[in-house]
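Have a look at this one.
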């Protein structure tokens, strides 16, 4: 029993150390940045006495270590400080903005998996054939073009050209502010409120950004699925499965894929973390009120508390995902003790 | 709060709950008739409290929610119109000013607007002492003496006493800024939290008497204004929604598609291409924001006035305006922006390479010198910087470009570490002194001076100019005051290390069925209250 | 006649080069008869067996004058028909249970799957059949093994599970491709004896592929010696000692023996002649 | 001449170590040649390197010369790909831009691969607390959102190509460290490492001479695959105004500035987009091809 506890404590320790390292680096970057945080608070025209008062209030004049220590001790009590721009506590900002990014990233991951994994399987089974080449070219193209180009192209074709999707933004203007925010996930909240009109409106607004993010992250999933499947299909047990008279597809899906599914867990965890980052640019083009846009705005204006807070949250999500992937790996893969 | 049912009932397009496909065929309906949708960059706005806000975006919204004591006349900059104050007069010794408050104005909460609200509002600005407070506290008010200096003698009369004799024209111009907004004392003080005079609450709420009041503000997402029921407004608009769309390309697409009525941040090129689209029309107004190349006088190569003059003759103002800036900027070479009283609008400098070269030779740099030129990384600054770099190269000055995020460049300038720098300056209130003061008055040029105005950053101190600026500011007679400012500017353009180049023009692109948008030199006077959607 | 192969040729094609791995192999196998194909590694014995069940990779081209399994012409069967044969009429046991059993599925699950592929019945019946089969292969504690994963059982038990799996649809032919080479000596004899017993009790034919000449000769009726893709000699297992072909004799001489001490073991000199004789 | 090299390399009984090494490389080349996509990729990369190298000769105009009069001109005879917002010839800027983009990629890889290799092999070889601390350090940088660290880093230094390279490199080395460590762990307790240790070789010699070369194949694969994402990150930095600054013709910055008039003068943004697409595709194909040949299982 204590081996399990020991290994759990070790992982927990490593997670804490990672988060600590993350906070130190982000905090230092914040303080080292040549942007005077007071500028965002009082503006360039403010007289010297107002500037001095603001600096004192933000504690910018104390030595760096003191600033860091007071910041971290607050963080441990859940107070990530206040954002200069929104004047809200960073925690409430993150709680407000994170669901929008989460909703987009999760749906994108879902679609990227539903399309990426089968594509990987097919191109592995038909290795070297034309289908294999086409699938790989299409998927890799998604990853070879910057997201913002994909986003603008998507808007040009589907929004302006074909009028198939609504424009940037998370909701139609009519529904703005109409859906009471329970979970912050628009789809869920609109269903909870029983407002089908708002639900479909949210779906339409989600379509293009989600498809683009999904397409962008499909390349990695497809490539990894293909590599794992190629490896599994070389296994001897495939021959014994065929020798049992199983059909081609039931061999692939029944025997090769279960081996691969386990390994895909880590790939999906990495992709999901990457998606949270990919959202940063997609949100600017699609005017999506998510964490990515909140972070870039704060960074551009030298508003450091949100930058450190958000980076910690994204870092924590990333570390959490890795931890989850490890645990799932142990649970689902019988080979691991 | 408007419930969704009755809101939808009043709009023509009731959206049935249908499956995805049929929704796709039906083109996404233009926005409803009683809703005005504006796409705008709302990300640099920290507060909606009229007595604290200093950013352009914020002050525009505040202008739509609060009424000021007086407001500048949109057509004639030398005239100030009555607003909350019907009339005003100065005492003989020019140290006491009495304002008559108009009757029958109601706040959005329903409370009557009285002189006490006006007095309290001005006192609040001075006591909070945030960024814009200097506009009013420059008349000698301090948190300690302001209660005694500004009083409401009766519900209809507001009396302001100043320490020194002051020109009523100058005082009234200052009161036309947002610090002159009258807020509902009763509602605000009811939300006071440990002595902050309700500033935490007023950041995100409104207590004004103008046409609109604040419904919601989701930072970096949207600002929704609804009609103030007590403002006696009969127009068609029930709701104004400002949507935060950062990317101009997205704003452009949504405007052409009709999903938004107004786009506020289109680029020069986009405005050019929109001219051919007759479903969109443009409204332009010169803004009180100027762009200049400042030279740090403490730098050895930039200490000689001849070098300043040479740089001013080297720049191809018209070429840059025509080829890069289009209609988004006009050439303007003096510190009082066009549209403000006392503005000097003539073009003194045009590109003259030989003159610039001879001036450089006189200054001892026949074959020029190397210098660093800082500029913002946001467009159009990089394009302008590259064009100026090419101009300077023609006269031998080899400029190395260093671009940086806006606040990063400002931080470098405020720390006096720049050599040459292209930056912008927004005017704070509707008076020539609003720019004369920061561009000239630099009493203490030492590094640890108490007040560090814009001019201080470039180490420039000219006692003669300073005297002229203060004299013009205190001139009592309005006409003579304007004359003195023109004199000051004529001298300034040659005698200062600032090559003022352009004045920003704001362009609002809107659907052709939109009318009545009011655009003013200062954002606090922009207004949607007369907008109609046919 | 269970298996009737005449002049089987298998060639492999990759990027331009053609390589004939099996050139002109013929042999016959009666019902209830046991044939061993013996040869060094690379002699083509294993792919010959796999060709019979069309289990070869795509690049292999298989041609034969005659290739019948229980009267069915293998080469003309559609993939669907072949699937009925594989497992249903002929079982196939591979070399190393560690790799030939699916590591992420339980033993019981894989046996039940084999049963269900060729028999109608519920999952419950399939699991009972699996348990029964595990008992037939005399595995210790079959209930435990039913739910165990391949890495949780020993090599010997793994091979027994493999046999159980292949006998689930009770085929009439069992092909065993070096079934004991991956096991240690003591277990080898046990597994071969088990295969022998099961083949007899179920009146099946056995095609045993091996490189261990004396080992197979005790279990099989006929032995066919293969070298470089050709059959050198086919003879009854019992008169192996009187082998005529120099290659077979060479192989026998190389065997060390415990009871009579011998000098250095002679090295087999390969005579290209042997290949020409078959070619005409 | 080539024929006998082929024979010499492919001769099974290699006499010298050199011959064996060349034999292996030649076989890898043959396997790679069989993969059409990888060949296309290699061809595009070689073409790009050549074009970038010969930019001064090939470019019709000096990329910095402004011609404000015919700004945003359509592709025409004298400007094959048209002109940008300051009237500069897009084709020449694309060629010179190639230098910067490939320069960024090479600079990042040159910084990242050795660091990743060193950290990975040392962590893998020594194990214990050395392994723990180095791996935690890697985790910190891995957990750090790549673009955001780059943004913050570039905002700290003034934006420009150098800070973009440093920022991307800072976030790109952890995966290499992880791969190198995994590779070292598999090799760590194999007999031949113990044998070398027995001969009294110092740990550093072992790592340098024996362990590191083994990690190279999987690193080569990862590097080629990563090149595409390095280019895209550089372009995204350009898009956010944080990467290469005007007037540098870096492709990402070109797209960022051209974004403003993508509706009407779409060709200005199109050529750098296609350039980035082609080069990224090329690196991805080559990477995939190399991975299939060198180390199929590798991530």
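Letters A, B, C and D mark the chains in the order given here, with residues in each chain numbered from 1 onward.
Criterion: a contact is a pair of C-beta atoms (placed from the backbone, for glycine too) under 8 Å apart; a residue touches a chain by one contact, two chains touch by 3 or more.
Just so we're clear, the structure is a prediction, and the values are computed from it rather than from any experiment.
Participant: Show me the overlap between the contact partners of chain A and those of chain C.
Facilitator: none
Participant: So which chain ends up closest to the centre of the protein, judged by Cα positions averaged per chain?
Facilitator: That would be chain A.
Participant: Among the chains, which has its CA centre at the largest distance from chain D's?
Facilitator: Measuring from the centre of chain D, the most distant chain centre belongs to C.
Participant: B-D versus A-D: which has more C-beta pairs touching?
Facilitator: Pair with the higher count of C-beta contacts: A-D.
Participant: Between chain B and chain C, what is the separation of their C-alpha centroids in Å?
Facilitator: 89
Participant: As a quick test, compute the distance in whole Å between the mean CA positions of chain B and chain D.
Facilitator: 47
Participant: Taking the mean of the C-alpha atoms as each chain's centre, how many Å separate chain A from chain D?
Facilitator: 24
Participant: What positions in chain D touch 2 or more of the other chains?
Facilitator: 155, 158, 259, 262-263
Participant: Counting only residues that touch at least 2 other chains, which ones in chain C make the list?
Facilitator: none
Participant: Residues of chain A that contact two or more other chains, please.
Facilitator: In chain A, the residues touching two or more other chains are 33-35, 152, 156, 284, 300, 302.
Participant: Which pairs of chains touch each other in this structure?
Facilitator: Those chain pairs satisfying the definition are A-B, A-C, A-D, B-D.
Participant: In the complex formed with chain D, which residues of chain A make contact?
Facilitator: Touch list, chain A to chain D: 14, 17-19, 21-22, 25-26, 29-30, 32-35, 133, 136-137, 140-141, 143-149, 152, 156, 219, 223-224, 227, 230-231, 273, 276-277, 280-281, 284, 295-296, 299-300, 302, 307, 310-311, 314-315, 318-319, 322.
Participant: Which of the residues in chain A end up touching chain B in this complex?
Facilitator: Result: residues 33-36, 39-50, 53, 84-88, 93, 96, 152, 155-156, 159-160, 163-169, 172-174, 176-178, 195-197, 200-201, 203-204, 284-287, 289, 293-294, 297, 300-302 of chain A touch chain B.
Participant: Applying the document's contact rule, which stretches of chain D touch chain B when the two form their complex?
Facilitator: 66, 68-69, 71-72, 85-87, 155, 158-160, 241-242, 245-247, 257, 259-265
Participant: Using the touch definition up top, name the residues of chain C that touch chain A in the complex.
Facilitator: Residues of chain C touching chain A: 50, 53, 55, 79, 83-88, 91-92, 94-96, 99-105, 113-114, 117-118, 149, 151, 162, 165-166, 169.
Participant: Spell out the part of chain B that touches chain D in their complex, as residue ranges.
Facilitator: 247-249, 252-253, 256, 267, 269-270, 273, 319, 322-324, 377-379, 382-383, 385-387, 390, 401-405, 408
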